[in-house]
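Multiple structures are listed underneath, in structure tokens.
The same subunit A turns up in both complexes below, where it pairs with subunit B and then with subunit C.
Showing the complex of A and B:
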């Protein structure tokens, strides 16, 4: 893997550490094995918790039987009847119980919990519980679920329906010169964070403390308080060092934290729950499988006249974050194109699969796969070059997106596109591959069976939470002067490997105008930090980082005012902080509030879907072995306008990681389901890319600072995982002349399709 | 993992006696890269684990062009591919040793262990068969030789009887105009279990244009690794051309009887046998020509 270039075109000179690759805060601790993850906490007096699960996908729960031959006094058991508060995992709709009470709706749904002093006793106890279930007909298919013969959620088995309308697409489609209609499907995907889910809870004099692997401490405060019937102030949540999240530690930890809390509450002692890899693969959330239908109307000249898009997500048995994933999918579905007649109808559907949840991209990778693959098909139908087709329709300054959001001047879709063509040598390589593919027909040896292709995708990702989400959370950050003259940045953003501690220190230091080393990024602890929002939605550097800059500027003014210093040298400024901090609290807070020029109507889905958009173009070149169907990705070029690069090395790392994850989703990561259970639930059978499968990746950053953010930095974390899949499909279109509308595209899909084509 | 007794004998006789007289299930431990995982996951049980790495014969690797290779059953994979002469004389073996797991695994895992684990997909087994290796088995009743293709009898099972252990794998000296190759198909580039694999060995006549002798073996496509006898015999005397390799691939398919599972369908695996046989033959011939 290599990123051979990190480009800054319009580098904003902010001075200090912003825009430089300062050392990773927790890097040395991780390298030395000193970083403490939840399972590294001391083990004295800590009991271990385990889960009794249903072994059918849909059933009436009749009884839970405990073997009378086992000495149950050795363990602590919790069932739904033991829940002191409300039996719910609160995410959006509150339909998911913490423990099943009268129905189970997915294979593996938790039915009871057991805690024991050691693993052996725990296992013995788990083996001696029988769950008496009366099976009901399950439903796994989206259409069958929509037929609503098997009731799972509401009258229609639909968690949420979203409609977005701009103009009248239906009418325009009737008169368009060419209408192209196709259906695209994407599969589930596992996060494969390095550290499986894990949580520890301990009752305290005033309530309960929960620590563990998570992205969103305040989600857990809410969940545990509801479950135990406590006030939120009685629940303290501390995020441990977290070994990767990718969204998998957004919603799911609320469930396992609740379980650890229930056991600890009843046992009156600390209880730790750690999933092993198989349990984690089987029963935690996955990326939503999607089915997306595009009907697009074109003029003969290749002008995009109308788009009609239907989106269906398989949400699994409970809604979790599906309503919001669906919303992001819907708002992104029409992509970065100017089209005046758009109709988007989106539904998140209930099935008896394990609940799906947040995953890097949050619904956007699915819709970008559909649209950018569709653009390739449309170009073929129109007989136009897909490059030219995109040029003719890409959104420009003051253009409007599907929700009517006017992008103003802050739109770099065309620029990232043209830049990517140049950086990847797209046109020349495409011609060369056409040529080598032709010559292969008469070649001897292995070349005869090789075909090559290059493809691209153009897309965007909205920064921060959907619509008015950020305005509703009203994130708060705190800067506090310390007696040694350092400044603590207090937030509840979690270090999940993405470099949060480092980046937030950089941004705070930038606002404060002090060296980054003088900023202490405090660990997320709800006893110390107010809610600065979840560590999700590519929002940490953009939103929370922006608040830290504002707080830093205020802090500096305050110190200057109180100390009488003005434009002091750093050492004098530090001394002033130290002195003022010893005299009394020296603090500065900043709160998020919706920019006055931002409008959003949640009911009609009209207005500014997001605060800002990151624009990107991804180019993938690949080679196919037509004898085996193997795809070798030769290289990837990803160009993105991120507003401002905060930390070049981390930014490049986000691109490399996102591209690798998306190549796995596109080419390898098949989830095999049988009766609602993931069958390939081991790292042997769930095939993800290794370092050997990751091609050279070239990350190029453009920097057009966004005026709605103090530092101009837009979200980056999710974006890189959204472009590679359609670029792969488009590259395969050139290599093989086959349109693949469904991922993953494995050798066993490619081979028969190629053979069919030869006949 | 349930607890077990552990013994580390220093001679073949001692090891054989321990294995013969064990109470309950005795298991042999070489690198442990399969056994320890299987014990932890309750895929195999053991009351006694006999570590054979202190037996000198089992850790010995000796090679001369005249005598060939004697490979102790516990010699870790890295010692094969790091040995320049062995790698040059038996490229199929070196290729397989290089892809058993990752580097960490290769520093522990042995070819003997790979064979005794008797997985239908064991990476080093096709090369053993193609290269005509013979397995020296030591037991209470003495020593016997077993051809590599006769060693495995069903998934996870082999010819070893109670009290017996594999001591050495003996490879014939390399032929003058000989070459070999091993290739597997996996859904990614490294660290995976073969969906299908083939190993081929050829000896060319002095002209370099005709195949004098050949041996083809295929794995992961039947309950045990298979020697493709018909394909191998048919190859003798044939011109060393792409057409010949392709036809041999068709013949090799006849001994494949794969199952459909999460890693691949029956049809796909049979198809791969043809492709991989053809490719390994081509590579082996190229190597034979120097």
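Showing the complex of A and C:
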């Protein structure tokens, strides 16, 4: 054993599992081309499914016409009338049909499904269907939707309203020395997981089996059971290797899984549905576009006295996860600052855009963009250094967030901030860029057009699901001893690239006190695993991993009790597992329950919004070519307290990938909509960062384990994607002296703004 | 289009003769006819690079290549890299340095990097970023990909046999 052995939380040597970069479990299979994604499964006897879609954004559905010249006996057709159960995609509010029945509410809404033996027949059949629609007035703008002249959802076209109150912000704003008011806007963002959406369904003797690309197997169990009128036990869901998710495979797969299931059910044979990239870009969910208004009141000395924040999210045609995205947005909107007078009003609004859904950060990136850009504006108005302004207001030990949550001693906001200043050389570089920007005025050659800036953002992310969410899911994990002395970790967490199989094996091994190689992380299969909750919300390592540690400790106690071994060497322990597992079931389960000290009131949004928070500061340095408007990001420094780093290589990979994705959102990734349809629906036209666009990224981790989690790990997946956009905006403020309050900030935005400023 | 033609080429070192419509995409022939599913279909338009294979040693997006075009050519896919239990140095380095996360772009990155190294390309950061810019990765932010290729170029990347 090597010298970097660590002692686990159980006090037993684990051979360095937790906190070391053990090999990725499925890595070799991926690198040899042997890992099986859904479209890699054998194709023999599998029919292919396709979707007939509406081609207007809002209409009454009159009829679906099938060309009588086509031989329809060659294919299987499903419309809403063929649905044996309930025509619904269950997410939160159950307003979305699986197939449109009488109304169409977005361009591309599924109207009918067809399956055929081969692609050619399928395409011929899809071309022979006409959808008879009587167009209605569509609504794409948030204000028009709120005027509610065109009814889309409820009386006000609002999926959910959330109000958070702390003190009386309105009154304080009237007496504050300085009030700063601004509106910030963020655009829709496409996930661009490299593997498009795909599912395969196959009827079985007892029900149906669905496998495919997904983050949440149990969402699909619920959806398919409702749709087919089956008991949940009759629906088996298996996650294939999943080629990226970023939230895009949280809610959307329930729709496509239902479609594959409907076709397979009627065809009585396996049916596979794979979206091509254009279909995926046009019709799957996006990050919610947001409009956020900040009114903040300050003392002349730069003390944050009051915050009034209005948030509006464009939820699209159906609610999907908008009620929960809104909740995370609202709870994070006031950021990591101590302020005693806060009022947050948030609404998720219905429009005729395709439904928006989960995307890494889940509402938090939008509100952090608004607040951290606002902090830059406030510093300018107050004539204070934005660094100093944050120092004066950052939340400290036992401070309270907007919901009244006392952060206790777990608050590293100030620490990540100060550390990021040091790690990035922020102050010295800012001064150097001021100098070089001045010198550029009299420089010759290309340097004359270069302007540089450095900006930062300070933010946090709540662990797991909001408030009661984790308690309601009541996640369950299982450890099972095997006859060869290994232990299987049975969950339904999906490997989507983040390293779930590896990390959960590490955490289980830590609880068990055995080498990580002796833990088998079983693949997600609802026939084997009970619901350990969705693979979302940065909860896998934190919540499910915590449960595996608890289950591991129980398992070890059980083995020690039954075998009479105590603190045995690993080989003897393994032999004991093998012996006991041969004699009969050797299992240990752990369930999530809300910590007794955690209080949350869903009606008033008061209390502990989240179990714990991760804290981060992101610094972006960039260079603008004022001749072309192009931005070159020079480097990014991301400092974060994640409680405990489980796997250093993967953790750095999450930060680097999250930063890259957020830089795309801030600078490049523009969605162009016309009549409710995404017009740039190819990867030629929707451009994401390449290796040449992403700068060196430095990830620095602080580890303050949180007492509410047995291993202290507070999650990481979403956090890194939440800071870069406002840091970019703040860096551009230094580089160009221009305040950009909406993203993406493309060269087409920068150039005219720069030219205006020159005049 | 539906008329099949006999296409002869070398696939991963083995001579192959395939009967296929001449305009069928090389990507589909590889994945469906040859059952080599390691090459992925990311966009179908030549933009994402996930389906990159080597044709006569040159990285090419197989979604834009009609099968007739590889007549007589040498085609290599990701499945050709490892020799039995022995990983290619790039595979070993990608595993060790985080070069793959979800795995969808892995074949494209590996084959592009393979061609770059075989042709004696420089391995400094800027050169590698330019060389790999035709393959997009949405998970990793490229830094660990670059580090993986550099480690492979340095040599000495080995793994225990049980990793593959």
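In this text, the second predicted complex is superposed on the first by the 744 of 759 C-alpha atoms of A that agree within 3 Å, B and C clash if a C-alpha of one lies under 4 Å from a C-alpha of the other, contacts with A are read in each partner's own complex, and residues count from 1 in each chain.
By definition in this document, a contact is a pair of C-beta atoms (placed from the backbone, for glycine too) under 8 Å apart; a residue touches a chain by one contact, two chains touch by 3 or more.
All of these numbers come straight from a predicted model, not from anything done at the bench.
In the superposed model, C is the one of subunit B and subunit C that contacts more residues of subunit A.
In the superposition on chain A, no contact is made by A:19 with either subunit B or subunit C.
In the superposition on chain A, A:37 contacts subunit C only, with no contact to subunit B. Look at A:672: by the touch rule set out above, it reaches subunit B but stays clear of subunit C.
In the superposition on chain A, A:747 makes contact with subunit B only, not with subunit C. Once the two complexes are overlaid on the shared chain, A:627 sits against subunit B while remaining clear of subunit C. By the touch criterion defined above, A:690 reaches both subunit B and subunit C. Residues common to the contacts of subunit A with subunit B and with subunit C across the two structures: 684, 688-692. Taken in their complex, subunit C has these residues touching subunit A: 31-32, 36-45, 47-48, 50, 77-79, 81-82, 87, 91, 94-107, 110, 125, 128-130, 132-146, 159, 163-164. Partner subunit B is touched in their complex by these residues of subunit A: 444-445, 627-628, 630, 668, 672, 679-680, 684-685, 687-693, 746-748, 751.
For subunit A in complex with subunit C, the residues that touch the partner chain are 23-24, 26-37, 39-40, 43, 191-196, 241-244, 246, 276-277, 496-499, 649-650, 652-653, 655-661, 682-684, 688-692, 694, 696-697.
Residues of subunit B that touch subunit A in their complex: 185, 187-193, 242, 262-265, 268, 271-272, 275.
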